[in-house]
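Next up: some structures, all given as structure tokens.
In what follows, chain A forms one complex with chain B and a second complex with chain C.
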Partner chain A sequence: MTQDNIPPYDADVIIVGCGPAGMTAAVELVQAGCSVIVLDMQPTPGGQIFRNLEANLRDSSPSGQTLLDALGPAYKAGAELIQRFRTFRGIDYRPQTTVWEVRPDGTVGWLQGINAGYVRGRQVLLAHGAMERPVPFPGWTLPGVMTAGAVQTLLKAGHLKPTGNVVLAGTGPLLLLLANQLHQLGIKPALIGRTDRFADALSGVSHLRPGGLLPLIKGLGWVARLKAAGVKSVTGLKDLAAHGHRKVEAISFTANGRQQTQACDLLIVHDGIVPSIDIPNSAGLRLQWDEANASWRPDTTFDGQTASSLPPELYAGRCVIRVTGDARRIGGADAAMAHGRLAAQSILADLGRGTGPCSKAVRSVRKSLSVRPFLDAVFPPGLSRALPENDTIVCRCEELTAGNLREKIRSGFRNMDALRGETRCGMGPCQGRSCMVTAARLLQEHTHATACPPTFRGRPPIRPIPLGAIANLSGLDPRATIRLTLEDKPEHGVEETVDVPAE
Partner chain B sequence: MNDIKTHVSPPETSAPDTAEQSFSADTGFKLFAALGPVPDAITLFLDDQPIIARQGDTVAVCILRTGVPYNRLNPVSGAPRLPYCMIGHCFECLVEIDGIANQQACLTVVRDGMKIRRQLGAPLALKHPEV
Partner chain C sequence: MFRQNETALIIGAGLQGCSIALFLARAGWNVTLLDKNIAGRHASSVNAGGLRTLMRDWREYPLSELAMHHWKHLDQLVGQDAAASCEVRLGVGQIAVALDEAELSWTYNRAQDMKERGLGAEELLSAKDVRQMLPGLTDKALGGLVSRGDGHANPAASTRAFREAAIAAGAQIVENCRVLGLDRAPGGGWAIETSSGAYGTGVLINCAGAWGAQIAAMAGQTLPLKVVAPSMMVTARTQPFLEPVVIGIDRPLSFKQSAVGSLVIGGGILGKPCADHDTSFTVMDRMTQGAAATLEAFPGLAHVPVLRTWTGLEGSTPDGIPFIGPGKNTSDFWNVFGFCGHGFQLAPAVGHVVSRSLVSGKVDPLLTPFSCARFNTGGAG
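Here is the complex of A and B:
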């Protein structure tokens, strides 16, 4: 135990996630003399956008080169940042480490292999990124249905390309980008079904800022190239369903007012990306509802400072968590880097090592995010827009349908935790990551409440952790534990001890 | 090497559909193909059958490269599942790795000689679908 009951800090700042935002912030902080721990689930730095970039750049095989060409300059653009991140020995980088708890006081629970523990930072920066919007539709649990992000990961980190009849369905820049990348790798999709329409694109023009011109031109280029290649495409797609016995064999949908079917081996779906709120929700951080994106996001100040929604007695003092990058607000890699820098500068000020964000950092965050209203207008949520029909599975883990949930809601289970307790929706291995937003919307459908939809109460551990790892937790707060000797006659003179909660 | 057609010896727990226990590279489950040859391949065991992997691959990549109909059967209905998100969110990629069940294949990096088993749901739930 240290003097004045101040627990020992393991680092000035603990960063969760090693994508563009996390790496940028780590570099900025270490350069200013801070000690930094970076915890990341992936084996190498880069996040999902620059996934496996280092290895792919080293790969000189013909297929490796073809892949790099297909992934394009936006992928290679991460090389410099990753290299800078690697250069700083002062960054305590811990790959393949999952985070199963974050507390407002700066305590972070981690798991690496079969070892787990807590680390404490004076400040915590969450840069854990985004997830693809969950899209429940009939047949979405069949083998052969995957997200666009998953297929991109298989390209980048697995050097695998789809075979057979490939259909892409949904909306958003990633869908078009992936279709182009596949085409460059010699895969001609059987169909691209977009839920958005040209009318959406026109309505977006009123939001257009100069910064939005480039993505617009890029997007139109992708559409034109696919068209020139003779890829069949429809817009205004609705009522998507996947059919087949134990795997996808065909899909059906409505477009242009008529029902259509299409043979299909791999259905790639994408309905935009949303901030991943598993960590903020379980840390008890205040969330807000982003109406245009039909998603939650952490309630933060411009520099990412969060606020706890927990009663003060549940955490000591101030909330030292900031959120940055796509985990705070979807903006893509450039916006993530800009905000990572800004958040780092604010953290430095909090640590007494700086004067706060410079005006250049503030400007570049504003500029990089200014294109979003336009993209939100052009690519509104599509596949998830209408709530699922009664026989569609909402909770993949427990195989609960929208009908199961509606019935329970009608019979009186009118809050998320009661619904979860009654049905097990959100209690499977994914802990509600895939079903929570749909369950919340089904509840709202009935209650007509208009405020920010409630979430399931998040409870650590938010990722599975082996019992053996819990039994050997390292880094427990010495103020909160006492050390017990397990045996009264230690063998070989070595005491076996265990940490237990103090009175 | 990755074109496995042999039958897999049944694991201890029994699946509802024993025909599903064979790898079916030959029955159209190749959703993905390798972009090029796999250099410096290492060997893993998927339900006792050798499969290849690149250094740095995740287990989920190897499962999809091999081409099997599922990596787990859902414990509620026994429905087959394959990886869905590949970034650790959906938990559909759960497998047993070196004796420890419920590991996320998409987050686990391969090691030479790693032993992977597909998860056959929860056998009791499969026998009593109404429970």
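Here is the complex of A and C:
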């Protein structure tokens, strides 16, 4: 193996994700003279929170203005950052690009249309964001059951508005925000069923920091406005189930000690958001379990530096991946921007272009994240708190119920990968994004283990890639492409023994 | 000479170990299987499940034909329900496709060679035949070889069926039990030190697969084995169009369509083995060759999305066929590993013939090509 075989770097830094954290970091890095590639699934910059903002700001029609007003100042606040991001020509921005593999050495697999390949960065910053906590409950796979994030996506990018009996169920700021946005768009929800209770709000007060006052006031305002509008609301909702034949027609739940039903055309569920771990997990990064949030998150230092959990014989070199924004710690847009700046300053120091994070950046991260303990206490996981009953589907790709998994776990499959191999749980198109946390909790329910629950081993590709794109992958590592195959073709007349020592 | 009190201890409860255990237990032996993980955790359950005599090394052919007989009558080995769960599909055929002149001439030579040896049910296919049998195959295909009786089975279910049948026959399986050391027991037989206590046995059988050479080394034997990680790709479900299993000759091509429509693409592309950590990793940089070979044969599949890849650990010998037989000067220590990625189909015959050898006290002539003495790498028991 010669030095020449080592593939060159395509950029100083590769950023995965173009939301508030990714954009902030990209601007910071390119201003300091770094070459930066930004890979993002969406067609325009903004991430989930500022999705389609540029186009919506340009839309001067009355309905466009109504939408902007309903989405509120927090949405429009992204305009300046997006504009700054667009200004820097030095940023190699690649929209509509899916990342399907990340390696600790800075190699990133990408797919754009029918083309795919690898790019390499001296440093990689994962700013791929969060996902809504998966919540399996009876009937959750029925058409007409959606998550709050999905409804927001349809509002922002598709300008689609729900009709009929709309019910929101679950917990978290996003649920209340969405209910208000819908109300402002003239859609009065038939019911808001919160799993959290007033008592939770009281217990949260002990965590309240000055930084939390504003969100608290904002949240109370949402609740008050919905109440004033006469939106029916319950708290302490439990035992949610969706019913219907071809689509959801009604829901049932328990609240205030009695079973209730509600006609429903669209059930919007939301149980808080958690860091997306598909990329960190498949990259073999060390994860930790966040007990309060019943979710994994990457094990990182304050500035986002990760550590590889892979055996050294696989990746002996330094792990050059950092994680920032909601992909690291749920904190929302402001916290993501603050941390994106901090992570960028740390990267600059690693690249020999700076002295590390300034104290202002550090303070800003601390302040923006200080509200989280309060929000975690007020909005604890609700719909997903109790593990699903046996007949509830856990893995929707392979249509496996909690009962299917429990049976296999009881019969001896006590390891996530063995369980996956046996049941096919997590083998479908979602590659475990939706079912993995429930499968892991079901396993722990049986083993009573208390450590960080194990995950499925993530293998590339974590997102589907067309066969034709794989056949033409660019940017291959010549050291890895040495053709190594087990031959099916037997040699003719091999009659003498061969004396070859094992490698 | 090696009927040591008719007790056998098998290290490795994969398909080969379970098959040997099944036959020995049925012969009245007292059999214990040890596995460092759970039975069938590795190559046995995660291979492609090919039931193939096509293009098999002639030295394996007689064993392979005996195995095919057992697969055909699997209910007699593992019971009716378990046999049904194995999804054995014989008769769909396996076809080797020749995409260039060199491959075509290889098929002619192969057919001639097998004919001279009086082996096999492989038929030469013309360009027209092969295109007719494989819808979507490139116009460039020049011909091929078919073995019409071949097919496939579900590897995980098959491994489970053999395991359950071995237990039903009286074999004992100890899982999560790692062998730490092997020693001659005073007065004959073997003493095995494990992570869950000490075991003794008359005959010791090393079915440790990718870890086979490590176990052999504990018995003082050096056998050449390379640990490899054959890997595969699985696509989204597509319209069913293909029944036979397709394999390449010089190209890293091997694929079949599953019952639900997804394409399972192998071809022997190797990932990175990590045997010390009981795991392995796929390397997409290499998968590109398997994808290219697949599209060269079936150009219409370029748009089909690959959903996932997987890999497992296997042991590979320098001459491409396994070790099956007693170690050098150790008639009571057998090595049965190094199947080089094509041991799944052989397993019922391996169990049958190894058991027959141990019970009769004579190494069966079918096993002659697999002698552990064929590599002169020294070491004595």
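Going forward, the second predicted complex is superposed on the first by the 470 of 503 C-alpha atoms of A that agree within 3 Å, B and C clash if a C-alpha of one lies under 4 Å from a C-alpha of the other, contacts with A are read in each partner's own complex, and residues count from 1 in each chain.
The rule is short, and it goes like this: a contact is a pair of C-beta atoms (placed from the backbone, for glycine too) under 8 Å apart; a residue touches a chain by one contact, two chains touch by 3 or more.
Remember, predicted model here, so these are calculated numbers, not experimental data.
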Contacts of A:428 with chain B and chain C, given as first, second, both or neither: both
Touching partner for A:144 - first (chain B), second (chain C), both, neither: first
Chain B versus chain C as contact partner of A:63, first or second or both or neither: first
First (chain B), second (chain C), both or neither touched by A:459: second
Common interface residues of chain A - those touching chain B in one complex and chain C in the other: 428-429, 464, 466
Complex interface listing, chain A residues touching chain B: 41-44, 48, 52, 55, 61-64, 66-67, 96, 98, 131-132, 141, 143-147, 149-150, 153-155, 157-164, 185, 246-247, 265-266, 276, 396-399, 428-430, 433-434, 464, 466
Residues of chain A that touch chain C when the two form their complex: 101, 109, 114, 118, 311, 313-314, 412-413, 415, 418, 421-422, 427-429, 431, 457, 459-461, 464-468, 470-473, 476-477, 480-481, 483-494, 497-503
Chain C residues touching chain A - in the complex, by the definition given at the top: 37-38, 41, 45-46, 55-59, 106, 109-110, 113, 156, 175, 213, 223-226, 228, 230, 233-236, 247-250, 252, 254, 265, 267-270, 272, 274, 276-277, 279, 281-289, 291-292, 294-295, 301-311, 314, 316, 318-320, 340-342, 374-377
Contacting residues of chain B [partner chain A, same complex]: 20, 28-39, 54, 56-58, 61, 64-65, 69-70, 74, 76-77, 79-92, 94, 100, 102, 106-107, 109
